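Sending over a structure as structure tokens; questions will come in a sec.
Chain naming follows the written order as A, B and C, and within any one chain the residues start at number 1.
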Amino acid sequence: MAQDEVLRVEGVSKVFGGLKALSNVSMSVKRGEVVGLIGPNGAGKSTLFEVISGNMRATAGRIVLFGDDVSTVSPDRRRRAGMSRTFQKVRLFESLTTQENIAIAAMQCARSNDDWRGEVQSVMERLKLTRLAQSYPAELTLADRKKIEIGRAIVGRCRLLLLDEALSGLTMDEADELVGVVLSLNTELGVTIVVVEHVLPVLVSMAQRLVVLNFGEVIADGAPREVASNEKVMTAYLGSKRGAFS
Amino acid sequence: MSDTAMSPANGVATSRINWRLIVPVAVIALMVLLPFVVGTQSYLLGIAVRAMLFIALGQAWNVVAGIGGQLSLGHGVFFGVGAYGTAILFNSLGLTPWVGGVLGAVASIAVAGLMGAATFRLRGVYFALATVAISLCLEKLARHFIGITGGDAGLAVRFIGDSLSAAQSRSPLPFFFASLVMVVAYYVLTRRLLRSNFGYQLQAVRDDEEAAAASGVPVFRTKMWGLILSAGMTALTGALYVQFYLAIDPGAAFGLGQAIQIQLPSLIGGLGTAGGPVIGGAIMILVSEVTNWLSARTAIHGLDILAYGAILLIVVMFVPGGLLGRTRRGA
Amino acid sequence: MSSTVVSLIQALASGLLVGGVYGLFSIGFSLAFGVMRIVNFAHGELVMLGMYAAYSVYLLTGADPLLAIPIVGIFLTVVGAGLYLVVYERFVGKATLQQLLVAIAISMVIQIILQMIYGPETRGVQSVLGSQYLIYGPFFFSYGQIAAFIVAVICVGVLELLLQKTRWGKLIRAVADDPEAAEIVGANSRAINTVAFAVSCCLAGIAGCVLIIYYPVNPGTGMALMPIALIATVIGGLGSIKGAFLGGIICAIVQQLTSTFWSPALQDVPLYVLLLVFLAFFPFGLLGRKTAH
């Protein structure tokens, strides 16, 4: 097994009742990569996301995280091992402040000598949340709420960050800012990132590699430009052979 | 890890008066002086004990339900196990309530462990329904096994007169101070809990279980310890209750009415806050004294329950966070 | 036939007869949950309100409770619609805690008001049916229970027909199945919820009329009936109509068997155990629809 592989999905299937949501999906993410996971609605992106983060158990197959098989490990332990996630619809602790939201995760994941308080402050600075430290999530804009969620995800030795539609609902400017923040996490902190996203053009510029799911199967895996011109992908997305990203 | 405080005033110098410290200290000081003002045998002391027992139960429930968001309707179980356990051990084995109360709490914690294991996979309403089922089931059993519990009539603690080892007294004074110590201890515990890692874990689970897990909070374990802490506190209060009243019956222990009364102080005062159950409990006792007086005057029974119901309805509809709560939540 | 077999058959048959009525009011409880996700802790009190209403009609006119069904049914329908619009509506889709507490508060208020009006004593009616028995070999059945069962079956049949055939019925089923989809189709949730809640209360009222024939009422009756509705509904599958009816029959049979072969005082204990088992292992009940989450 390659040393620099942070996540490996091995032949994962997930069946709901009679419906096969994932069918023998395999993929691998290397340290430092930014990988985009795309596919039309109902392609199985969300299901795969839940299986990787541990909220759902796969019907078959394995999830290997940082070299360990975590297929039966609970989501909170996967988080403490260094994999964190955001949610499609932002989920914050609504009765707690911005600072507390981020600090909770930092406390859970800190080792005994870690300065988690300092880390919370620096993450808030990085995300420009410091002046909102004592605000409650309900008072904030969607963009700020998303930033809190990302802040909560990256504290505490996060090495692999799964982003679930982090850009949906944002204005162009807000989205641009967030993309910048996310990419800086990758370049400056060395966090490996997997993004599930609908907004394809953004992904093409953001990700180094795209994995395309359709009907629960991986139909393409490669560099963004290659994938974008892949015939299967175009058919899956538009039902026609016009460019998928135009 | 109790001092992980991230107080809002962190790093900000405040010259304002610290009401969060002054008010509780002043209230405690006034309570300590109460017996010297009203007299050590006063009827008022009895009411104060009743109020503080009520408050202590509310504080105990608040830990798992208010802070942890696990809406237990089954706290009568822990209360009943604590109260019956203490009484039965004393009556049949002559065991001092000082030990009996602790054993009752231990038994109650064991029950909480079983209950948690059986019900924590269930969320929200399903959890509430499961806990109410356990409570009602124990009520039926307590009514049936007369040999152990005294059946419908309940159990009277053998009264042996003033005795420290039997924790019995003709005067309400010792109970006044015992219950005051209990309420203050629970209050301090709740305040520290709210600022501790465990308290934050509970609050995270209350707000959003999946987000809590995604932040590294062990959800099941958090709920379990929350229930266990709450059950232990409830059982100790039950032990004190049975020493004060010298009697316990299935309805008072396991009935739905009891399960609801346990919730009222926190709901009225403010769910998940340290001061909420104290204020709410005090209000409840005032209301119950007034309605009891009215009932006696008008010969209409059940005014207290009607008032509780009406207050509950008004609070839930118009002040969903309780008096001290941030009304934004759940509104 | 050995006496054990006789007792067994008697218990099963009585359970079936009583269970029909349990099923009738459990359906109301299940309907409120299915359509609005309301766990109506006050449902037992509403059945009790129906019982007292039928009792009052009997006191005033001497009419048999069975004849009071239309008027009590309408009365409870109106009460239900009012309760929904004034109180319950604002809790639909809100946190469970608030919704549950509001229902508990309502149940306390109804119970105490009825106690103030009628006093704490147990009250029953002298129905022509209640005191007569059908005797068949070693078996005997109260005509009251038989009549109650027949009424229950008719009501359930009519309800099922209404839900299957009428526009409102179809809308109610659509909302129960998938509130979001129903919203998209353009079903007006407010009107549908009001109708569904009113029907739920109407069923409670009808059940009250038939229960009072053989089951005297006191202010504690509601608290005793609510757990049955709850358990029947969980066994059948929260939100399932047929399931609730089936669950009611199962509850009554379990009660009869326990009281015949163990002790009448403990007839509810196995029900609670059953409830826990279902909640823990089969949270969707026998006929409930599994949802993805």
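Basically, contacts are C-beta pairs under 8 Å (C-beta built on N, C-alpha and C of every residue); 3 or more make two chains touch, one makes a residue touch a chain.
For clarity, every value in this text was computed on a predicted model and none was experimentally measured.
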item: Distance-to-centre winner among chains (Cα means, whole assembly as reference); value: B
item: Chain located farthest away, centre of subunit A as origin (C-alpha); value: C
item: Distance from subunit C to subunit A - Cα centre to Cα centre, in angstrom; value: 48
item: Whole-Å gap separating subunit A and subunit B, where each centre is the average of the chain's CA atoms; value: 43
item: Between subunit B and subunit C, centroid-to-centroid distance (C-alpha), Å; value: 33
item: Two or more partner chains touched - positions in subunit B; value: none
item: Touching residues on subunit B, where the partner in the complex is subunit A; value: 4, 6, 8, 10, 197, 200-201, 203-204, 206-208, 210-219, 272, 326, 328-329
item: Complex contacts: residues of subunit C adjacent to subunit B; value: 39, 87, 90, 94-98, 100-102, 104-109, 111-113, 115-116, 120, 223, 227, 230-231, 234, 263, 265-266, 268-269, 272-273, 275-276, 279-280, 283
item: Touch list for subunit A against partner subunit B, complex; value: 53-55, 74-77, 79-80, 84-85, 87, 91-97, 99-100, 103-105, 107-109, 117, 134, 136, 138, 152-153, 156
item: Residue ranges of subunit B touching subunit C (in the complex, touch as defined); value: 71, 73, 118-119, 121-122, 124-126, 128-130, 132-134, 136-137, 140-141, 143-144, 256, 260, 263, 267, 271, 300-303, 305-306, 308-310, 312-313, 316-317, 320, 330
